[in-house]
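Would you mind keeping the following structure in view while I ask a few things?
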């Protein structure tokens, strides 16, 4: 593996998607800064990447705190130029509207939208002087459609998509590639995958994505040349109804 | 004017749109509960409605506070059954992403999205036992498209639209008509209208909406029978480019 | 009923929707020109309208023929100024892609899209010199979403929607109100309604629209003042999942 | 270059985009079947590909004729399994609605929509028994938005997009990857590029895409694994306003 003088910041490296993105970019020579709420849980990811010869730093990070986000990104950027930020914090919940408490609504928004705004803005602050960089936001079906019981989640995801669009239109001409990925898969954790397989759920298993494929999708976006950028990338398994 | 045993709550009765909606529903015999941050400024609206023989109550209301929203709506509902809630709080701002402060982003969201969630949920709580009612949210072009400089405003407006969609899909089958209006007009205050006219801006003036027309659009939605509801209504002047 | 010096042309007056639109506008004093492939089948509609004191002319009309469309609209306009054209020709079919024959694909397009183009263009030709008029196109869920088996129908309906958008953007500033209605109801013929009721399909029946409600929706659009036009109006029953 | 036992059919290989796609797939070892109205004009493309060691066949092809499309694709498939079909026929025109003749409207549809239906259906017929294959349709901004003067072009492009969506939903679960690319660039021919450069149009030139980048975008789609397919890919240069 040839090391690059570049870092990728993965904010929300706690789940299936974030972990795989981190591994993919590490395998391509990037230094990875991985942040999640409880940094201790990053140990397996750190071990995997280091075993494969990659460079990675794990951090406990509350992405809803401006100072923590800024410090995390500055730290990454001082190690080597921050070339890619991937915002991947999720908060999928479903409640009838009358049972959607103030606390839930606000927390989902802070995690899935507000934290994305902070991550995007602080990344842009570091990238704009160099007039290059990539800021990718992870979306979901709820980014495009508000469904019954999804007032909190869809509201946050719609809001994140608006941030991505607004930033893309402002920053694209200044050399920053801002993209929004709509990951449309029913299940996306290794744990759930095992559970479905265990109970023989063949149709459900058919509509799961392989870890490698997720990492590859983000990597493809990063590989796009400046004259052929994609802003919104939907990704789903062949068998997924949509 | 024949009085009805029904109230309409207008949350965000401070601007052009909210004022006209209040007048229209008052003229149709509804008791109006009008709320805005500084209730003193409602005096001209109250005077107009009362002079025309209508019934209206004005309240100072911080729509971002759950207890104030709940009290306002309960107050309306205890006067006569709450038949219509119109959420109309705006917060249009434009800043480059690096100049969009935490405070601005959060405040715009609290006014234009969070307050809408509170208003929608608390209205549903009152309406669901009767299995009827109307909850209308005011949107804008930024509800559909994130433009350069609009990260804060578009994010809040996208988020509000997601709430409207989610509530419509959950509550429609239970008899509650939830709708989202996309008011696409470059200018919508009487004050601005006068300014444009004063400086002879004929093209701009052509693309302004008349007060009566705004009130009429909300009224048309309310008039729709249960078997022919519109969820999203775009409204713009003939000359408005879109 | 007070008669107006104005005509409405209903192209595709053969089904439930077209018939109800014709009755509504007739009841408001418009002279109606109703066209359908086999004009003989218009007899019940003509009888209903005339019995109610309205004025209506029925014509056999192949809407896919430019000369027939032009003659029909000119005929209407020479009776009294053509104020409204409603294009309502449907052609809902569902076939797997391999069984979608050339003949079916082309015929569906000619009926649901090409005929709409002819109707729109020839109406604009008559309305533009007066700088006023209304051109309304009937759409469906398939106007917004291509589903399995709907290559032919959705392609035609998407195409019709593009015509409506393009015409609205060109003609709106010239005083012509062009709108597209998305009628999202599972069933829309009186015949099917009876069948469902007969077999006790309560859920299905709940999601049917009443004839009057359909006519009312088109009428509401026509009533909109020039400074508050809607371009796309979705309409569905309260119980319809979407 | 390692040759593959696979063919790619490029329908509409006449312009900038089609030519570059053909070169890219040839360079990856595919046998290319390139079709355009006047096959003689394929000579430079054939020479380029062959000089680079690739395998290519050029054909005169009227893509609006079912028998010609079927023969072209069968010919490709009998050479080696048809793995990819790329439909790339364009027909961008702009006329005021009153000047959009029947002939123009019908011809644009036949080229940009009807021919796409034929290409898609006949490709599916060959690919389905193997339960694998890729069918990619080239779209444009007019696929998503009908603009003033674009009734003919947008109608055809909307219609093509509906075909792509309908086929994707039907054929995805059967192993066929159907995608729609929204190529959003102001200018896309080598000829125009030279003209802009000649007159010093720096902003315009900044928003042109490089030939290689176009080929790469289609190639990336083809590279996607079955569990992470994209259906709609927007592609535009960094400086392009949207």
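The letters A, B, C and D name the chains in turn, as written, and every chain counts its residues from 1.
As a convention for this text, contacts are C-beta pairs under 8 Å (C-beta built on N, C-alpha and C of every residue); 3 or more make two chains touch, one makes a residue touch a chain.
These numbers come from a predicted model, not from an experiment.
Shared contact partners of chain B and chain C are absent. When the CA atoms of chain A are superposed on chain D, the rotation angle comes to 180 degrees, reported as a multiple of 5. For the pair chain A and chain D, the distance between C-alpha centroids works out to 31 Å. With each centre defined as the average position of its C-alpha atoms, the distance from chain C to chain D rounds to 34 Å.
Between the Cα centres of chain B and chain D there is a gap of 46 Å. Under the contact definition stated at the top, the residues of chain C that touch 2 or more other chains are 169. Taken together, the touching pairs link the chains into one ring where each has two partners.
On the chain D side of its complex with chain C, the touching residues are 66, 96-98, 100, 102, 105-106, 109, 113-114, 117-118, 120-121, 124-125, 128, 142, 145-152, 154-171. By the touch rule above, chain D contacts chain A in their complex via residues 169, 172-173, 175, 177, 208-210, 212-214, 216-217, 220, 223-242.
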